[in-house]
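Heads up, the next two complexes both have chain A, just with different partners, chain B and then chain C.
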Partner chain A sequence: MVCFHGDEGALMIKEKGKFKRATSSIGSIANLLNRESVFKIMLVTPMQLLLSFLLVPPFAIVIYLALVNWQPIFGSWTEAPFVGVSNFVRLFSDRQFFWALARTVVIVAISVSFQFILGMALALLFNREFHGKKVCVSVILYPMMLPWVVVGFIFYLLFLDHGPVNYVISSVFGPGATVSWFSSSVTALVAIILADIWQWTPFMFLMSYSALGAVPKELREAAMTLGANLWQIFRYVTFPTIKPVVLIALIIRALECFKIFDLIFIMTRGGPGVSTESMSLYIYRMGFRYGQLSFAAAVAIVVLVAISLVARIGVRPLLKEEL
Partner chain B sequence: MENKLGPERNVLLSLKGVHKEFNGFVAVNRIDLDVYEGEFLCFLGPSGCGKTTTLRMIAGLETPTDGEIYLKGQRITHMPPQQRNIGFVFQNYALFWHMTVYDNLAFGLRIRRLSPKEIDRRIREVAERFELTDVLRKKATYLDLSSMQRVALARAILIEPYLLLLDEPLNNIRPGLRELMRADLKRMQRDLGCTMIYVTHDQEEAMTLGDRILVMNEGRVEQIGSPLEIYQQPVNLFVAGFIGRPPMNLIPVQYEVTAEQAWVVWKGYRWSVNSVKEQVEKSKPERGLVLGIRPEHVRLSPEGLGIPALVEVVQPLGRKDILVLKIEDTLLQAVVYGGAKVREGAIIWVEVPLRDAHLFSADTGRAVAHGIG
Partner chain C sequence: MTWRKWVLGLVLAGLGFLALADPVAERALAGLRELMNAGVIRPGQTFRIMIHSGQRGQLAPAVEELSRLTGLKIELVVIGYEADIYNKAMHEAIVRSGDYDLFLTFCNWIGDMAEAGLIVPLDSWIKKYDPEIHTGPNAYVKPLDLFTTQYGGHYYALGMDNDALVLFYRKDLLEDPNEQAVFEARYGRPLRLPETWEEFDLITEFFDRPEQGLRGAHLYLTRQFAYTSWAPRFIAKGGIYFDPLTMDPRIDTPEGVEALKEVLALQKHMFPETYTGDWSAAYTFFPEGKVFWTIAWASLGHWASDPETSKIAGKVGFAQLPGEYHEGELYRATPHVVGWSLSVSRYGKAPEAAYLIAQWLNSPSVSAQCITRTGTLDPFRLNHFKDPNLLAAYGPALGPVLLLNAEQSFPDISLRGANEYLDVLNLNLNAAAAGLLTPEEALSQTARAWQEITDRLGRGRQIESWQQEILRYPRHIRELWVKLGKVPPELAGL
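== the complex of A and B ==
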């Protein structure tokens, strides 16, 4: 490793973990740089500082807000009264909070599972050469590129009482079979989950597809010559080799889906009542509709901690695998 | 094809008119081949000659466009690879890198639903002979190349295949270790008595390993025979030029008959080829003949005898030197013993002994005669 130091151009040559000075010019600074640990820290510092400036202030503000009782109508947030953990106490006694949390978890679980299964199935289907493959792949990826709002609007129209979905249902099963999708929480959630699956299956497809493409075909062929059938090849050879990528994709998707807001906001506004409200919508309602920004901040902190814990658990097998 | 291994050997594998095209490109052109039980057969040819494709068709990884493949008398042309019980060692070994060596070895046995105890017994036994006992618990990713190669081989052998196919398995191994592993492989094949087909583009590998060698070029079989046969009696110009290093000198010559005497003539030098006159006439050489002489057969002769040649380059190899000689405008390679002390720029006298020479038809490229006189 060779690095040029400063304007003096003193050439440092790294040898056996230590810097030796080739040409001496600046005595003391060069000596300091000779210590490898100091040098490493100096390399990292600028980025670390930048990140800290970007991350620390918003965190600090959210924590501060959660510990005081401030609403915009009360005046300046710097003069808001300190209330300690009472926002958190109130939060843990709010049933709507737990319902929103449970609902979000259910949406994530169902939606991401389907995205994974469908995405993986599609990826396996596309893991061979055929005519028109490129066109098919770009068509499949299309939903992912649409803005949330557009997807929400499309599915809102699809599931309207006199929309295409009900039209198909009534022409197949008769007019009595139509469903008023947005008037009950379960059917509304089904519509929301379908929209999310439609939009984000392409993402799981893309990740699985590219991971599959990186598995040498010889691995599958070797398994074949050893007698493995297609399912055994997938189960014991292909899937384990792409597992790290798939796991990362699942984590990304789960974290994304946990924050689901736009789709629900467009399709149901959390209704009927608050029965399709996700965590984000709950925070939005508390903070912006009711103006209780301190309480919303407390919710945000709890959600953040919860998500970090879950993500940590999700990532752990991955780390173990790699190290 | 004559069975050189003795009449008691049974045909294990048969290819009958096997043909493979990829989008109109002929990769393998109507191959007929019998492979005998217990033999070590090498497919030898330049890259892209169709040898790997042939191997893959035998394993079932490719389906022939035409022709049939028989294993133990049973037609397997369209049988999926899973049911063939043919072992395959890939060029890059194709180890399951997320598994330990043990799991790699156990893979085929577990699919065959053997009891864990039996699997363990067999793995221990094979690991012992392949010197893999110490790395059984290691992940396959962390092995060195030679261990990877042994794991790949052991994994294929553990399923007790009828036939073992190897696709250039020593390609990635550094020279030196390569020769050792080659010897290992040969010894192991003898000990186990298993039938192997080994694909390589390295003639030295094919010559040292194979009981028989199949030389392929542009999808066709050029010649099948023992290494010595292929070296001594190449059937055509391709085999003659491909086998042997440095390659055989191929010199276009004229054929002349004067007063019942047959001669080949080159630059005013003439050699009597009376003894093979009949063969030459039968081949009706319109565009003349090609005289083939291996560099190791070109001999130095005392001054004034034979053909004078200018020594262009001397490539010393220690025990022997490779000389590039210039005779008028023709370059000729010769291998002489290092003791000869030939200097570049000198004029030396060489002799082309016809009993070691070959004659090919310039029209068809086919061999006309080997060893004249």
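== the complex of A and C ==
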């Protein structure tokens, strides 16, 4: 049997050497599939079902936990008393939550900004041919391939009071110039942010570098012919072309950085006190160290909603461009 | 003779030897044999014990031996970071996977684990197999027999450790006649082991010589163990964590604030790692001869006395922690910090068999062998303090001091929610050490958080538990509390 679409878009079936319009149920299904929207849905349905199966039950449990008062030491979670929104009310009256949120936002803002600037600068530097370029690109990408835990330990050891960083500082500026990095919230956060920048600048470099490679040379050449300088070429030709990729990279990094846990856990455990505690560490402390899983679930939901809104705002320019 | 007979002969010889040497171990093996005959367990069956990495070297040979003796397959599941053990154990309380048969955890977590239904009460098995906890020449050092094994009036664990803290000092410096003369000229009193915290502070100041690479002390003010430097002063001053009738926190009191101010005043004589590092910093600085004295667990005695791991081997002294005078009488309070105990999972394959494995490891002879090897488990039974191998490992001078300190030790908070109570205290003390909070703020914030925890967990039950816990404090502390009106006499158990 041979099928094809006729002039009016109807499915035609070849039977006994003649084509005729399909009117059977097969034809109806085929017609249905022929609609673009239905076809798209059919393509994503299997994966969506699988993801739903994996995501919906745990998410339902998280919502359930947030609405009851339960800790493992209270016994079975299925018998926990319903408390409505009291976990959320408690959350919004908890100063430590807001501090953790503010701290995380600061880490994301500083860290991702530096990663973007450095990554872009490196990408522009590498956007030309020179001897040993491939080796240099590989070397730049290595930090990104290291596990968080390893990076955390490396920077913890580097910034110890008797560690290499202070050794260099005391060698150059004298013993009085050393810094006890993990003794104050500011210096400890600086160490954490430096570690994050070191590890994830390569990612921004990689994304920017790939995007730059896709910018047509003709555009730049045309701009140069018209008398544009290097900054103008970057500002009005290169950047608008690579903007969607850069925006996606920034969103990915910002979301990832918002979840920062391992580096802080290894380097400061959130200390001194709770002065370097990020949102993930706060949830970990409440949920796992204190066993307040209901409260931690409420925090997780609020954070999820907040991140979704921010991500939506971040993606909006891309959607506009698509339209 | 076939290989089977060889194996059987060896097993019988081993059992016979243990029967003669250690009835506790023999009862455990006999119990396992019975369970095997009854079909409750079978040869080759796997039992898994969750432990900390610091105990692997101590327990691995014993576990191998027990596997050989019984035909069971006993595995150690090693966790690297102490706090993760609590998290993973409580995770098991939720998922009930049955992956673990025994947990070797801090003894003040027993309450949480019992309340979560994760571990089973051991009363009936302790009665049946008698691990000799309280009586006999091999009993636990008192009061460890209470606070490393019990919660809510029931046995939930077998203690495997003695974590009463010890004062380690540079004997060569303290006994140097020149140093003694200079000290006496400067302070008008002899240089000697301190009886009081005030003397301790003066000596710390005296020996703080940064220009010579020697700091006065290393006291823990870290995120996890800050309370260990504050609590002995607080308790010795007559402080008590909670009001025994209301459970209102009693730490933001003059005793509490004064104790914290004293500790923080010593920071200028210590490395910043006291609050930025972790517990291992003392195990680095003291054996390297970089600090005059430190307060830590007995296992530091191993490190500091061994020429392979210490630059000051042969120069180390061991002492009791100082105290405070009240009406002419000296009151010392030594914290028993954490301490490891074995408890049995409710979701394991055969809880009774798991208990018997714990009893075998805990038995006087086997535990002595384990502790002789370097690790984080320290002597806790009376026979350990007479064991020549063990005494040789710790050095003859440390044993008597450790025994004395253990007898005067007070427990960590072990109530339901103990982990949370202590963590909140630690993080606020650590913040005070970093200058982020004043001593008053640190303690009042802790007190507020403790009120919230108590309300959340149920004040009535917490009061009941705290009144039981008070009875585990050494007698002289309870007497002091009664004298100062902190505890009604009828609740002090005197």
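Here, the second predicted complex is superposed on the first by the 278 of 323 C-alpha atoms of A that agree within 3 Å, B and C clash if a C-alpha of one lies under 4 Å from a C-alpha of the other, contacts with A are read in each partner's own complex, and residues count from 1 in each chain.
Throughout what follows, a contact is a pair of C-beta atoms (placed from the backbone, for glycine too) under 8 Å apart; a residue touches a chain by one contact, two chains touch by 3 or more.
Just so we're clear, the structure is a prediction, and the values are computed from it rather than from any experiment.
By the document's definition of touching, of the two partners only chain C reaches A:289; chain B does not. Residue contacts after overlaying the shared chain place A:93 against neither chain B nor chain C.
More residues of chain A are touched by C (comparison of chain B with chain C). After overlaying the two complexes on the shared chain, residue contacts for A:271 are found with chain C alone; chain B is out of touch. In the superposition on chain A, A:37 makes contact with neither chain B nor chain C.
In the superposition on chain A, contact of A:232 is made with chain B only, not with chain C.
Of the two partner chains placed around the shared chain by superposition, chain C is the only one that A:182 touches, whereas chain B remains out of contact.
In the superposed model, A:77 lies in contact with chain C only, and not with chain B. Within the complex formed with chain B, the chain A residues making contact are 216, 218-219, 221-229, 232, 236-237, 240-241, 243. Only residues 59-61, 80-88, 90-92, 94-99, 107-108, 111-112, 155-156, 159 of chain B touch chain A when the two sit together in their complex.
Listed in rising order, the residues of chain C touching chain A in the complex are 83, 86-87, 90-91, 93-94, 112, 115-118, 223-224, 271-273, 275-277, 416-417, 419-420, 423, 427-428, 430-431, 433-437, 457. Taken together, the chain A residues at the contact with chain C in this complex read 72-77, 160-162, 180-185, 269-275, 285, 288-291.
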